[in-house]
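As structure tokens, here come the structures.
Two complexes follow with chain A in common, the first pairing it with chain B and the second with chain C.
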Partner chain A sequence: MNRKTFLLGTLASLGVAFAAPALSQSTPRTVDQKVTISYYNYNLASAGNGADATKRLIAQFEAANPNIKVDGVGAAPNDLTARVQADIAANRVPDVVQMVFSDLDFSVTNLGAVALESFVPPDELAAHFDGISPNGRKLGVIDGKTYGLAYTFSTPVLFYNADIFKAAGLDPDKPPKTWAEVKAAALAITKKTKADGLLTGIFGPSAGDWLFQGVVRSNNGGVMSADRRKLVFAEPAAVEAVAMLRDLYDSGAYTNLDVTAAMETMAAGKAGMYLQTSAVQGFLVKGATGKFDLRASTMPRFGDKPQRPNNSGSALVILSRDPLKRRAAWELMKFMTSKEAYTVITRDIGYLPLRTDIVNDPQYLGDWVKKHPLLQPNLEQLAILEPWESFPGPNYRQIQKMMMDGAEQAVFGGGDPAKAMKQAQDSAQALMPK
Partner chain B sequence: MTIDSAVSAPLRSMPAASPRARAKGKGRATTAIAHLVMVILSIFCLFPVYWMVVSSLRPPNEIYDTSLWPTGASLDNYAYALKAIPIVRMLGNTLVVSTVVTIAQLITGLLAAYAFARWRFRGDKFVYTLVALTWLVPFQVVMIPDYLLVSNLGLLDSLSALILPHLAGALAILMLAQAMRSFPREVIEAARMDGARSWRILWEVIMPNLRGTIASLAILVFISTWNEYFWPLLLSRSPENSVIQIGIQMFMTSEGTAWGPLMAASTMASLPILFIYIVLQRQVVQSFMKSGIR
Partner chain C sequence: MSDLAMTASVPPPRRRHLLPWLYLAPAILTLGLWIYWPLIDAFRLSFYEWNMLPTAEPKFVGWQNYENIFALQKFWQSLNNTVIYVVGLWPLAVLLPLAIAIYTHDLPRRSRNVYRAIIFVPLIIAPVVAAAVWRWLLDPRYGLVNEGIGTLGYRAVRFLQDPKIAIWTIIVLTGWKLIGFSTLILSAANANINPSLIEAARMDGATRWAVIRDVRLPLLRSTVLFLTLMTILLGAQWSFSYIQVLTGGGPLGATTNIFYILWDFGFSSLSVGWSSAAAVILFLGFGLLAFILFRLIDRYSFHDN
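So, the complex of A and B:
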């Protein structure tokens, strides 16, 4: 090492060492003057429980924090990132955004999402993290830093129609737990009833890749290497998972329906089983009420391998650049991930609580959970939840699409699973950041 | 008895149909078939509307039933839809936006078309071609620059932002220019001889004679603005300042579609357009025939 390199290295180290505390110092510990922050939320773009609950939470927060006014902006989940980009270009940087997990990496590298560790004092951060499920907390972590806190998130659940199970000679008290059992049950259903055996939300234009990732991971496969540089969805374990889905389809156990059509077929009582996010539970219950016995079980596993479900849904991220607004945004984020807020989010919107200690607490969800047994498989899976991985770089959506197109071609299009996934992986790898 | 008389005798004894009666009978059969085809086509066209209304009356657990009338019909979905989104305000917003855009496009279209049709000036064909070419540019391409513009003007989350990019439209200019070019020049010359200047010729001679085209254009612009979706979607920040198409879309979420309230909102949203159609039926049909189906 020569003298110049040593000096530059020392200066850089000193710069980093001084910059981090400076960032946290520049953010005030309290909001002692009036400030308005924007809160981009996709529940606000919907009509009904999600929007009502969110408006209620915002009102409660404003009442508790009179100096902070929250300007709620609604945008549909698929349009939210485009809206954030447009507003950043228009110099109207949003302060808090409910970001879909698949867009988390993009929000860090391209939208300027701020790591909580970079501006929240460590003691305050530790105090807030106390009580949060460790598996839930790591969903918003990228490269060791917390960029988002899981907000409205859920796990894949196997919903089933107990009446159709009985009609097919199956025991509804013993739902299938492995993919092999799912296949057998689905074939029995298609043979003895007019209903579809199995529907899923894995494929389709609006399906994303979260459910697919869970199926692949449950066979000990993956979509990306640990260092997030290399795609691995054409590795043998992933291909085997795709081949299993192909076999389900070829055997007639699995019907190829679009996400919306599958959801509605299940709600209409015309399908035996349906693998989808627990977030659609409210929708299915409305269709089932007075019509059929809707039940739920955990996501199926591959033989003896434990299932490894990942989450769907969104995290709250902070994009504020102004220190005062950033503090106000953190106050909002703390409130929205508090015990009180998670009680509302779980009970009124239908997602999982990030704080598991409220589940049995009668002050929060205790009584409600007892009355809603459908939530149980979802809660069980919270203990084994793994993160929905978001592809890195600006081409993340194209990479995701290529992977899903390859898998869909292999499952429904008659393509060879190994070849289709390899071809998709090779094409998508070229779009990964170098 | 000749062969002819042998053949004609029994025919004469029958109540023979005259050629006119035969033609009349054939005409009736043709009319009946034509009516039957039209009745079938009408049912085919009206059934989705009927299904929308019926679905809006179904309770949530009957929404996928295929019965022609629900067993537990109620107006609950209407009550829910009215509570969930500010439908009346959104309908009012849509009406304001559609009316202002229609009037603005008619005025800018008339002035521009008059210039193109009435005078030859340097580069007129080039400018006309440019206007025509803007029609070929999808709105999605200019959405973001437009968004930045209205944001810089401080108009986000306002009805003005929904109106501003649509103040002038290529369709209006092209349609009116075409109609004005076919207007007899002799009439314009006669008006000039009588001392009328350009402004008066436009409003007092040409415009009254183009009432049909103007009415057709107004209907087309109004309906397409009423159904506009992408621009309000990008601009929409709160339902109170948005339009009904965004309100309807709010019932479609990743957690499922609330079909009952969605159909109730759609039924309410289609009423104004239905009213316009009933009142201006002939002009609506003519407008689609004149401009081609858009």
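So, the complex of A and C:
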């Protein structure tokens, strides 16, 4: 590409950006001509089940909508936003993107994510929203507008090995519900068996901050003020939650393993408890089948404070600027958040159904759920789910990294938790939008 | 071709001055477009906040990006680690290969080739594949290495999980791959030494060790200095893929180095300002280092002919 076409391309993309608001008025109600849309999806980049199920869903959609062709583009969850960003910079705007929740704010303010209310007729939107779990729908709402529909999302689940519980003299029918009980159970396990007491997916390079946010929130702490301007993860409630994790680690109840190793250790039946997204369920079940009794409970709470889990996962977001493509993208989004699609997503990949009524409907998940009780804690938590907050501004990723670095230092690094969190908060606050 | 040469000799003096430039133009333009323009633009962009999107306007922020980087606590930790990487890699990238090159030189031809091939193999294994295999080998519970340590009656070593050990694990893995490359270069340099010098030394009654100490090592000095330079300038960079696959810079930032952290904070979110400021810092820092090292090499190199 020479300079001239590069400049022209840039100009053209600027032109499109300016013209977009005007065009959005005239989004057609149906797709009556051939159109190809791109679909950026991280399950496509995964090995195994997630990719197969997603390909099957795309094929089903194309069969039902002969005018629309879908180009699936796979990228790992950590790289997906950078990939989308690079493609927009190169003027290849993706149409539908499976956006990780922590990047949702960024995709609205910087990537041009389109609010569904701005181009879908209200009656059609209301019809599609009917049956969607209100807590699930809230996850994709920023400033009162729906920018994303929760797609593959889950809650933190405490998986436990019932055989190890029995060996340690614990009652597997009464899993620990509070952090204090978790500590006692983990210590009993490390004392009486050779297994690890507790593993988690809270920390690690690929862990993000969703699970950490849930732990902090359960102690009535938070990461950010309500007006999204001030960071508050060094306030006493948050520090107390961090200190609790530190105490778990210091007492030997909590073993620090990296994300992959923790998953493999649990699947190999060598750990008592494992707090992680329900999305790893498929992997754990594969390891446990015929070898040990894998069970699941809800995320632990702090004493008698209410448990406040937040979600992990992703929402589908539309970035198309062309009205026809936007319509086609909406059709794809509707299909991917339909009862049929959610049956596949829940059953074959291991996420939560955004439409809870399919759980008891024998036409969809009814029989499957009866055979797979592991989904229960996940469903219980959907009713009390709170959104995973995404940091604002262009430095949102750096802020998240600083917070997690500070927390990791506080839990495993041996220093004073309050000081580590304060230091992280002070440096991160400088990166918040002013 | 000869036609061109003939017409070129005819034109008046003024045009003759232009001709060399015309021949050089493609090279100059390519260099300018791909090397110097981006370099200068990086300096400019390091003062902006921008994420490369056509929809977003680059925002001038002055020295903010530099301040952000220098304020990062991890930046200083990683600078410290970078020094450890270089110091730790030097024996593996220079000393050991030097010994291997000299030792294998005197072996019979066939066994020498087999020996060197074995040393060279790690170099041609893709780093990411090698890293994945090492992860399994070094696993604290099921890894082959720890099984071995276990049978000897010792406790399992947390090679990649213990903040005190992890950086040395990464250094050894990086070095394991580098040995082949350095051995190859040093063997070639060693084979290039004029045999008559060695012969003359032997006739004078020099022992094997004396030949190595007084003839081979001085003649290998410029190659050793070159490899040292490479290790200092690039050593920490070579470990990038191992850090990325095995530790992600952790535990507690123990294995992160200057290249990794700048990539992590800048490129992973396409913040052009952060990345450019990071690139400028690296460019100036390592530029200065390279300048000093090149001066040293000129001073201490010894050439045979």
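Here is the rule we go by: the second predicted complex is superposed on the first by the 409 of 434 C-alpha atoms of A that agree within 3 Å, B and C clash if a C-alpha of one lies under 4 Å from a C-alpha of the other, contacts with A are read in each partner's own complex, and residues count from 1 in each chain.
We adopt the following convention: a contact is a pair of C-beta atoms (placed from the backbone, for glycine too) under 8 Å apart; a residue touches a chain by one contact, two chains touch by 3 or more.
Predicted, not measured: the structure shown is a model, and the values here were computed from it.
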Open item on the list: So in the superposed three-chain picture, is A:46 touching just chain B, just chain C, both, or none of them (first/second/both/neither)?
Closed with: first
Open item on the list: Output check: A:431 vs chain B and chain C. Expected answer is one of first, second, both, neither. What do you get?
Closed with: second
- [ ] Once the structures are superposed on A, label A:74 by its partner contacts, choosing first (chain B), second (chain C), both or neither.
- [x] first
- [ ] Could you say whether A:127 touches chain B, chain C, both of them, or neither, answering first, second, both or neither?
- [x] neither
TODO: Have a look at where A:206 lands relative to chain B and chain C in the superposition and call it first, second, both or neither.
DONE: both
- [ ] Using the touch definition from the top, say if A:383 reaches chain B (first), chain C (second), both or neither.
- [x] neither
- [ ] Could you look at A:59 and tell me whether it touches chain B, chain C, both or neither (first, second, both, neither)?
- [x] neither
TODO: Find the residues of chain A that appear in the contact set with chain B and again in the contact set with chain C.
DONE: 79, 82, 86, 89, 91, 206, 268, 270
Open item on the list: Under the stated contact criterion, what part of chain A meets chain C in this complex?
Closed with: 10, 13-14, 17, 78-79, 81-82, 85-86, 88-89, 91, 110-112, 204-206, 256-258, 261, 265, 268, 270, 394-398, 401-402, 405, 408-409, 412-413, 423, 427, 430-431
TODO: State the interface residues of chain B toward chain A in the complex, per the touch definition above.
DONE: 60-61, 63-64, 81, 84-85, 144, 147-148, 151-152, 156, 233-234, 236-239, 247, 249-251, 253-258, 261
Task: Footprint of chain A on chain C - complex, ascending - done: 49, 51-56, 68, 71-74, 139-142, 160-161, 247-253, 264-265, 267-271, 274
Open item on the list: Give the list of chain A residues in touch with chain B in this complex.
Closed with: 45-48, 50-51, 72-77, 79, 82-83, 86-87, 89-92, 206, 260, 263-264, 267-270, 279-280, 282-284, 286-291, 350
